[in-house]
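Shared chain: chain A. Partners: chain B in the first complex, chain C in the second.
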Partner chain A sequence: MSKYLLKRIVYLVIVFFVVSLMMYAIYNLIPSDPAMIQMEPLRKTLKPDIWQQQYQELRQEMGLNDNLLVRYARWMGFIPDVNGKFSGMLEGDFGRSINYKRPVVDIIGTPMLNTIILNFLSTILTLAITIPLGIYCAVHARKASDSAIQAATVVGYSLPTYLIGILFIFIFAVVFRIFPTGGAKTPGSSYTGIMEFLDRLHYMALPILVLVFTGLAGMTRTVRAAMIDTLSQDYIRTARAKGLKEKVVIYSHAWRNALLPVSTSIMGWMIGVFTGGSLVIENTFALNGTGRLYWNALTTTDYELVLAMQMFYTLVSLVGVLLTDLSYTLVDPRVRIDK
Partner chain B sequence: MKKYARLLSLVLAVLMCCSLLGGCSGNKAKGQVIIGNSTEANGDWAYGAFTSSINATDQDVITLTDDTVTVTSNESGDYVINKTVVKNYERSEDADGNVTYTIEINKGLKFNNGDPINAVNFLAWPLFTLSAAGKEMGTTTAAYDQIPGGTEYREGKVSYLAGYRLLGDYKFSMTTLKVGPSGTAYLPYYYELANASARAVNLDYWFGEGWTVKDDGEGAYLVKTDGTALAADLIKDKVTAAQYATSDRVTAGPYNLVSFDKSANQITLEVNENYAGDFNGRKPSIAKLIIVKTEDDTVIDTIATGGIQIYSGIADGNQVNAAIDLIDKGTIDSSYCQYDRAGFGYFQFACDLGPAQYKEFRQAVAYLLDRNEFAKTFCEGWGGVVHGPYCTAFSMYKDSKDLLAQKLNTYDYNPTEAVKLLEQAGFVYNEDGTDYTSGIRYKKVTAEEATNYEQFCKKVGNDILMPAKLNWASSEGNSVSDLLVTMLANGSATKEAGVEITQNLMTFPELLNYMYRQDAYGLGGDYSVPTYNMFNLATGWSSGAYDFSYEFTTDPGYLEEGYNTTHLYDEELDKLSMDMVYGVKPDDYATYLKTWQDFVIRYNEMLPRVPLYANIYVSIYPNTIKNYQENSFWGYSRAILYADYIGD
Partner chain C sequence: MSEKNNAAPKQPKKKEFFLFRWIKRAFFPNRELDIYAEEQLQSPVRLVIRNFFSKPLSVISLCLLILIALLVFIAPNFVILDLGEQDSTLMNISPGFSIMNYPRALEKNGIADISVGNNYAVGVDKAGHVYAWGKTRVSSVINLSDIPEEVLNAKIVKVSAGSDFILALDERGTVYGWGNNRLRQLVLPDEIDSNNRMHEFGIKEIHASDQFSAALTDDGRVFLWGNGNFVDLSFREEFSGHVKSLALTNSAYVILTDDGAVKCANDHASTTITKIPEGLESGVVSITASSNCVAALKEDGSIVVWGAYTKGEDKIPEFSSKVVEIEGGRYHFVARCEDGSIVGWGSNRYNQLDAPKAAVTQKIDRIFSGSFQNYALTESGKLVTWGLKGFLLGTDTLGRDIFARLVNGGKMTMTIGAIAVIIETIIGIILGGIAGYFGGVVDMVIMRIAEVVSSMPFIPFAMILSAVIGTRISVEQRMYLIMIILGILSWPGICRLVRAQMFAQREMEYVVAAKALGVKESKIIFGHIIPNVMSVCLVTVTLAFGTAMLTESTLSYLGFGVPLPTPTWGNMLSNAKNSIVIQNYWWNWLFVGAVFGIACICINLIGDGLRDALDPKANGR
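Now for the complex of A and B:
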């Protein structure tokens, strides 16, 4: 097990560096000059000679006059920057945002927390609904109730999230006035403790509802398929032949075995949604999350921020895959990792 | 009876006192207003010292919290002395033409924490941003070249700034050079008053305890009371903390920043009891302002449900109509004001490339577009057309309205006139060099005229034929571009006139690269080669200062650095644009106005840019306030100060 783990970690590190080089090269292929982006708005306020002087100084300071490999090595922290200091990713410096004029790590924290809270709550709720629903559908496969549930859940899957968001805002915020149209807390409120939590929850309810609604179909189908497959196995037939109660057959025998494929998809799905954020949801409901931050950084060519987020996602994905593989051993005792 | 009379007198006296107290409290600010803003705040409150373009919401918060400045702009966008701050000032000019403003500030001004405001508070910020320490920390100022001793101070060769002097507890001076060490001329400058602008900052808050400003006779400098000289390492952490503070900022403006909740994108401001008033002495009457982030797609729903009460500068015609519907139907108890946008959308030519180098061709293209219809469609009825580089809110425009009505060509839709101009320009041939009959028009040109456009030109015998074709760099996902395609590029009049406009979609940064021809910016490659001769963009003014200097420069060095993106090398336009601001003294409005008129008329004739639309902005506000009036140069952060809270 430890040998296997070590091997996987070595692979993970290699893949991480290869991906980082590729990402850096790709973003640097985009015809954009970060120093120019910073200096451009000053054209109208600075005299041309001064502008040019400051622009050249900034290029020098940002190390833009060096070649791609040197810049990559500085960005990673393999070699010192123009000021002679090691300040790359390996030293914990993920760069500086052009838009926010702050270190990237200072910017990501708040949106990341918002995204994690939003997605954690919606994932828990989605699983709480889809797992029993998937089991029910599998047990009643090809009956009217199964078809009805499948048809109902697929609506959320088929319609664009944006449309569902707008529709839910119209129904729940404009017509019934149950929830606010957007935002994260009551304007001007200074609640603390439980009141603050409830207020935040009230504002988060509608985006969570939309996320749950759009996520119903996928997981219901995954659980349903896994359960149908398991329920057709010989040992299930044997269990029934032994006269076990149907509930025991489904939940003790079938569901535990169906959990293996389901757990891996849940794991992958959770890692993705927890960190990735939802651009559409966050934009529709004016929430400050990572999806929106990433999109803003891309559209404003704030590549240091984009790269830092990309590398974070890369790391999360690589670790996620490793954890998913390891989780097999926990779910299924038959799986042993010793190579 | 006498006893009762005394008792009655006492009761009456108490009642009078109560009513007086009540009256006093009536003058106090009250109520709250929720303001929607589509721009997400960055939370950088360093007055733009570390950034080239300050975030709009950050700027609004700075305006609302920090407006103790010597020079400000009034509701017309003109620079004015802030009389609440400045007791008196004196302008003097030395033999070399350098100008000094000596300013005496009023006593009794205070920061929101009660600290007194003195002359040192006005000198501290420029002394920091212009210093070598400031440079090391990344300040973007460039004023050092125009201040005596500024360059040496910026480079850290001297510890004092010779051009800024501390002359007493309440007196200081600021000098501007006529010509800077770089050789750049700074005076005379029509908007010279802007050089006398200084902002009061709290030294303890920004730099830490123990910092002060001194002047030993050579110039002002920032120093610790124990004599420690200014250094980036000593103040960096404190400056960064103050720059991004989310509450408890020490400022001197109408409101205090109570909290900036980044997680909820929400800013809460409460009235500053120590505020002395704006340049008119006006103080806020609304006790609390809350600025929340809105989304374009749902903002009307948010307004309808009371999520926001003020929504400023709505440009989208559909949103305007929807918001007004809410008011008309009584869904919300609100009113609205409207005003012309200080800016306009346009397409511009690269006037040295292909057919765009001929004035008649540019004019012909303008005649091929029904600009009135374009503006009406694009703005959904909430917009109009301007015929030159101006907005209708400028005082110069108001003073020249009749003259411009006579002199400016409005380029009303006229395909016949377009054809006449194309013929006049020499586009009278077919592709094979025969006289024009149909299809795209061609013109016989010299090899020099065809430079960089050879790929579109035809060689027939010894003749080079250039097509009446525009190669358009168009930003993707842009509704102006979409409408231009429909109404101009694919318009029947364009085709019938023998003109072709090819749209090339690209990202906006790439469009800018092509426009600036950025061989100087380390990108090189295709961008340095003139490729496109039409671009669609927009421009705007945040104040009444109208400065087009260097925009039409013919200086080869400046051209290489990306100035004059229209590449219209017209000596007259260049001279007018420079003379308008650098050839006129601040008090000579008549000369300025004449130069401005000549500039606009020349621009209209040479037509480097074709204005497409100028929006009418609409702002909604709740009926719990009155006297709320925004205008082209006066957004919500200024208008709110003049609004009176009247309650429900």
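Now for the complex of A and C:
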């Protein structure tokens, strides 16, 4: 197991650096010259040859004349920069945002917390609904109630998230006026303590609802399929043959085993929500989360921030894939992967 | 199972829905076979097709998807989209063709006056009743058909419709106004409004324009009010008492004096409207205005047009006889000749110029034009209408026809989705085929690449690619870029599937036979094995098509797909991101959302149906 884990982690690190190199190369496709940006205002005050000399010196100082790999290594923190200092990703320096004029590390905190809260709450709610619903569908497979739920889930996973978002805004914020249409807190309010929490929750409710609805569809189908598969197993037949009550068969024998494959797909689903889903949701509801931050950074060409966030996304999905693979062994001892 | 199948042919068959029966007969001319004959005669492909079509849900979804595809690929040939087109007066029109549906009650008492505003019109009958019809809703609170009580009680003789407000004049000379008052278009000057002495001025004509209004009195005096920052509302006193008529464009006005001359009464003649061309110093009978032009009709029937013409308002046609009346719309003029013919010129975007037969054959008393509508009043007191009736699905926040954008956007979205899937499938099959057939190091390398690609966060990565590369290329190239990005980022799924199938197939006898015959390896992979694997890929490809469409629209929704004004379903929906649109202008998102949603659901149902049809266990054997 530990050998396998080690192998996977080494592999993860390699993939991470490959992807980051690719990202860095793409980032460098953008024709931008920070030295020129700094020197441009001085062009009129200095003589052309002096200006040219200073410009070249600055380029040298900033390390812009070195090739892509050297610059990448500096940015990553493998080798010291021109001043002989290590200041790269690995040292925890993620660069500076041009828009916010602050280090990226300082900016990313609050949105990250918001996104995590959003995903955490919606995950818990989704699982709380989806597992009983999936089991119910499997037990009542091919009956009217099951067919109806199946039809609803097809709608849920076919429609794009933002369309469901718009629909929910229309239903819950416009027609019934239960929730606000967007934002993170009541404008101008200065609640503290429990009131602040409730206010935040009130504003987060609709995005969570949308995420739950979209997650519900896919997960219910997964749970249902797994449960139907389990119910056709021999040990279930044995349990029934023993004369156990149907309730005991379902809730004691079947569902634990059915949830084994489900638990692994939860991880994949969460990664999807964290990267793609939050982007759409936070933009639709104007929530201050990582997705919105990333979108803002991209639209305002704040590329240092984009690059840092892209690294973060890559890391999240790589670790997610690893955890998914590991969870196979953790939840199902029959799966052996330490070969 | 076998019992049931043996018994089946004897039982009378239930009659099925004609569509299924028709499709069945078209594809499977044989009658149903019992299980033994079936196995001998039917190829697997046929069996799959039969399984698929035996499910009503799959068939309905397939029909719906084909219908939507036909709509978006055929309709754009007829509903041609002009990307640069937008008109502030056509913004946010609700769906329907009701703009010229005037109330029949108007005709009953005889029509006294009609005035046309933006997408609505207001009329008054000879009994003094006022009616407003068309798209009268200006905002969530203002509706022009809410005619004030005092107007309903008064005996109105003249009405004038501005862009979003109405003025009415009663027989005593009192002016009423209702509608949007944000630019003080309804606030009459203190001089006439004070002390209830309005009737003493003897107002005989009222004119409402886009942002300002004017009144003309019996003794030839003019009063102007409204948005003075946008329009020069000054009036030179030397003309006071000599004004016969007025013409108001959106941004200026000119007067017709009682000696038949067209004059600018502003302190400074600055716009193209107020620079009156030569030859209009005398002999002008009437003047009328379109949005940006003025037309003057002279005694001899000749017409002079000046102003900022953009859509051919200056191209005056030949008339068959003397012109007796001219009227101006937004971008067009209509003239009535002595012999009863009606001739229009200018923009014909909404058929404003094509007077129907009824207007030519009957004797016309008067014509009323404005916006994109025309009304002709026949001698018998009936109205004949032509021009813009409305839009099937309404217009969006920039005044563009949603139906045109829906079908054109659908074409774009579906094309991008289809091509992205083709790219994805080709890459997936080639790499998966090679990896699965050769195995070993090749397999390892390809699968590692696949893992790298699939572990990259999809949407953020596609966004950064689109943002970095997309800024330097044209719209069309950007469209191809999106297809390629989608294709390149999503092939690992198909690759894995093909590889797994390849592992099973490469041990089969036919492959060994091909090898023994000395067939080239590339021929074995792509000529012998892949065709056998294709049917399994079909499900994945179908579902991938839905995913590709979804991803494209998500990218466009976030602003990193196909850029505006080129429509796709995604960027049309991104229009609806703000709550005002969601709340007040539901047609902006509902129709697109519905069609897109149905298309996505259908694709998924077809994919599910195919999966069941391909499943060997599904036949109960």
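Following the convention adopted for this analysis, the second predicted complex is superposed on the first by the 288 of 339 C-alpha atoms of A that agree within 3 Å, B and C clash if a C-alpha of one lies under 4 Å from a C-alpha of the other, contacts with A are read in each partner's own complex, and residues count from 1 in each chain.
Everything below uses one rule, namely that contacts are C-beta pairs under 8 Å (C-beta built on N, C-alpha and C of every residue); 3 or more make two chains touch, one makes a residue touch a chain.
All values derive from a computational prediction rather than experimental measurement.
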item: Contacts of A:183 with chain B and chain C, given as first, second, both or neither; value: first
item: Partner chain(s) touched by A:170 [first = chain B, second = chain C, both, neither]; value: both
item: Which superposed partner A:265 touches (first chain B, second chain C, both, neither); value: neither
item: Partner chain(s) touched by A:113 [first = chain B, second = chain C, both, neither]; value: first
item: Which superposed partner A:314 touches (first chain B, second chain C, both, neither); value: second
item: First, second, both or neither for A:99, with chain B first and chain C second; value: first
item: First, second, both or neither for A:39, with chain B first and chain C second; value: first
item: Which of chain B and chain C A:49 touches, first, second, both or neither; value: first
item: Touched partner set for A:324, first chain B, second chain C, both or neither; value: neither
item: Where chain A meets both chain C and chain B, residue numbers; value: 162, 166, 169-170, 173-174, 181-182, 283-284, 301
item: Contacting residues of chain A [partner chain C, same complex]; value: 15, 18-19, 23, 26-27, 29-30, 154-155, 157-163, 166-167, 169-170, 173-174, 181-182, 271, 275-276, 279-280, 283-284, 294-295, 298-299, 301, 306, 309-310, 313-314, 316-318, 321
item: Residue ranges of chain B touching chain A (in the complex, touch as defined); value: 32, 34, 40, 42, 44, 50-53, 138, 140, 142, 145, 180, 182-184, 186, 244, 259, 261-266, 268, 288, 290, 292-295, 297-298, 301-302, 304-305, 307-308, 509-510, 512-513, 518, 521-523, 525, 527, 547, 550, 553, 557-558, 561-563
item: Touching residues on chain A, where the partner in the complex is chain B; value: 31-33, 35-54, 59, 64-65, 99-102, 110, 113-114, 162, 166, 169-170, 173-174, 177, 180-185, 187-188, 190, 203, 283-286, 288, 296, 301
item: Residue numbers on chain C that touch chain A, as the complex places them; value: 451-452, 455-461, 463-465, 467-469, 546, 550, 553-554, 557-560, 570, 573-574, 576-577, 579, 582-583, 586, 589, 593, 596-597, 600-601, 603-605, 608
